[in-house]
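Got a structure for you, questions after.
Order of writing sets the chain letters: A, B and C. Residues in each chain are counted from 1.
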């Protein structure tokens, strides 16, 4: 990784730290292991006391059941479209504003920033009804854009905050050099600065993706057509009062989580790559 | 900050405010009250909302819709299923604000009164010449749950009523006769104490949620203790009586001593069902539909231990019921067709009942031999039932108050006497506000 | 929040012109449109609702400050404000502090670091409702946690994590911290990744131990990331809803009900939109006041 060959920690602290991390990891994935193991259980094993970690009689029936029931595949496709769309809208808009807030001294920028920041604490239920009316007037009630645009807006300042910090942190010499070259602000942004804030961009993207993926109230309220439901809404079909069969819920949950794991694994190299660590030095 | 910025901001704010006002007018003014009056002829498209029937019942619903479309040429039905009861309300509210309502919607007696009081759903009296003839087709108890202020607002779809579901193995271990389940609440409490004593697990779960046919505060007060919830004129709470206090005292003692399961304090219906499935409690009081869930979630050996019996007799004489109803929103363009569809759909419940033990709203359907075929169906059909909750627009708030006050009595923060008095004070305030 | 104001003094004229020009606003247009149309505009409606008795269904009438007066007398509302404060305070402190040393250990190359990094992030990827329901089962009186605690002899009787008023709110806090920990770890690791390796080398040459390196180099240099974490944790905790909805429904006896949940309950269960809107306004003002005081204090101390 970083070509560090010698150990940074002496043996005793190393062991203590590893024990702490090991226990934390156990706590972190304990419930998830339980979920995965439940997804392979047949109906009777779910309630065994004490719970079995490895199912005595593992089965794939739960997966085949939920995969064919209630349009799970359609829900997944919708969730992917919605989450990717939201990330694109959110991050591109936020990058522009973050660039403006971080690198320009236009009038009202501080107020704009604080005003936007304060919108983030408005509890969603408080604005849900008027928001519905707005989206309805735009004719987006049965359109995935009806989820993408409001969700992008509601998570916008998260990315704005992250990217503003990132642009603020870039050295001034960069833009001075660019201006001497006669480069326009647009080119400065796209050719010089954006490549340098890949890590914050990836942070925003991953956060927004995760938030959008598990949002369930708004997609449920705004979508009327079953073929437009997202996976978090679809999950509710399996979790509601009359149908909460845990071996099915667990299987859907695993299916619903896998894409987010993949996104994380794909994006993580942007946080941790040496290239990045190197480039921001200069 | 320079003054010029501040002025800009002010201008912006005023602009936003003005825009808000304009849109607010839309919300305030243009949403309700207008009955769309296009004639019920020509091609008609209906939108139909159900609650949580997609998982498991899709073939039934789609088949029934297809048959209807074939029978009534020119009518198409678009089906939307909402995942859970809780969310129906949010979705419906948003839809009504935005003027995007369905034509037929599945409701429960918990939200119907509010929609009736605000005039956002049709009084069915206005849609048919003889409402009494229609009413005659349905079980009177079910129909009555939709009658508010002398007008009928809902077509009963299907319902259920609590029964006693118990674990025979635990009964045997506690030295109780599994063939003779408790028949009244004194016996329930005695059996629960025995189970606790002999087996170490709790005697029963009675949760305080608003899932009507499970245990809930109205069943405890009105069904079990036999006290009326409201005064005769409907303006005051009437449940803070010595009988109710005595009954609640036993619940509080049960939670404290452990023969009533702790899950009863803050859990929901399905939490109680889970405790039963785990073999950690002796009895629950749920509708027989829970058998389907138990069967799906326990192995065959465990499932055999569960038996259904009649709901223990209470002083109120009937068990609290649970009902799904159909209402027709005012904004429906084809209300008469919508009502026709609702009545049609209610007549198809036999198919649903064959998959899960529920009661049909229609008398003619209930006569089917299927409803005598199994013990759990018999329990359902024979049970006296009543909707104890007031048909008041603020029923949700009334319920929340009882739940909270009961909790404080269970936890020992308040004596049952204080808890009931405080709940009654809440009710008097909420009822007076006339929401 | 640092401003690049001072640094521009010696800049060339042409660049200053660009920086002070309207280019900034031009870049801001899409974001302002988005937030204005889909957050602020509905929020202004909410503000207007708060002066009415709007029930979500029928035309409302103005009641002036009636809803606010009712809030003043509503003990449940006061309780929810306190709970919001408690949840937000605890969640923010825990989520800002706990991942810091972990990020340091992982960054400095503890063995198996990639494994730990991934394990600790995994809770983030499971949809919130699912993980919350899983926790509800684990925390149950008959659940796994109590089973383990009793088996290990830590407690004689099961602890009622969700039905004991003392524990309920802490259970909610615990589940939030469990779920979101990975996000903050990620933020810190991303921050550390941009930190030049020379700092650590210099510290090692100075003979500084890990504690000193951590306290005198990592924490000050990660200030940006720490502030970012605080802001994100704060706003997210203030809006906590899903966990309460699934775990406790705000009970028992309102012990775990926060204002966001109460707003939802008032509006969508009780049809009191005017009332819920007034709560949102009060909450927003309270938080703004807190933020401004916090900023003032931060400025004074720096």
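Following the convention adopted for this analysis, contacts are C-beta pairs under 8 Å (C-beta built on N, C-alpha and C of every residue); 3 or more make two chains touch, one makes a residue touch a chain.
As the structure is a computational prediction, the values presented were derived from the model and not from experiment.
**Q** Going by the contact rule set out at the top, which chains touch both subunit A and subunit B?
**A** Shared contacts of subunit A and subunit B: C.
**Q** Determine, using the mean of C-alpha atoms as each chain's centre, which chain is farthest from subunit A.
**A** The most remote chain is B.
**Q** If I count C-beta pairs in contact for every pair of chains, which pair wins?
**A** The chain pair with the largest number of C-beta contacts is A-C.
**Q** Mind checking the centre-to-centre distance between subunit B and subunit C? Centres are C-alpha means, answer in whole Å.
**A** 35
**Q** How far is the middle of subunit A from the middle of subunit C, if each middle is the mean of its Cα atoms, in Å?
**A** 15
**Q** At least two partner chains per residue is the criterion; list those residues in subunit B.
**A** Touching at least two other chains: 23-24, 27, 90, 93, 97, 268, 274, 278, 280.
**Q** For subunit C, give me the residues that contact two or more of the other chains.
**A** In subunit C, 40-41, 45, 49, 56, 142, 268 touch at least two other chains.
**Q** For subunit A, what residues touch not just one other chain but two or more?
**A** Where subunit A meets two or more other chains at a single residue, that happens at 49, 128-130, 133-135, 236, 239.
**Q** Which subunit A residues qualify as touching subunit B in the complex?
**A** Answer in residue numbers: 42-47, 49, 69-70, 107-108, 110-111, 128-130, 132-137, 141, 217, 220-222, 224-226, 233, 236-247.
**Q** Over in the complex, which subunit C residues touch subunit A? Could you list them?
**A** 2, 4-5, 7-8, 11-12, 14-15, 18-28, 30-32, 34-35, 37-43, 45-46, 49, 56, 102, 105-106, 108-112, 115-116, 119-131, 133-135, 138, 142, 144, 147, 178, 181-183, 186-187, 189-190, 193-197, 210, 224, 228, 231-232, 234-235, 238-239, 241-242, 259-260, 263-264, 267-268, 273, 276-277, 279-280, 283-284, 287-288, 291
**Q** In their complex, what parts of subunit B are in touch with subunit C?
**A** 16-17, 19-21, 23-24, 27-29, 31-33, 89-90, 93, 96-97, 114-115, 118-120, 261-263, 265-268, 271, 274-275, 278, 280, 393-394, 396-397, 400, 403-404, 407-408, 410-411, 413, 435
**Q** Report the residues of subunit B in contact with subunit A in the complex, numbered from low to high.
**A** 1-2, 4-5, 8-9, 23-24, 26-27, 47, 52, 54-56, 58, 80-85, 87, 90-91, 93-95, 97-100, 211, 268-270, 274, 277-280, 289, 293, 296-302, 356
**Q** Could you pull out which subunit A residues touch subunit C in their complex?
**A** For this pair, the touching residues of subunit A are 1-2, 4, 7-9, 13-14, 17-18, 21-22, 24-25, 27-32, 34-35, 49-51, 89, 92-94, 96-97, 99-106, 109, 112, 115-131, 133-135, 149-150, 152-154, 156-158, 160-162, 165, 168-169, 172, 175-176, 179-180, 185, 189, 199-200, 202-203, 206-207, 210, 213-214, 216, 231-232, 235-236, 239, 249, 253, 256-257, 260-261, 264, 271-273, 276-277, 280-281.
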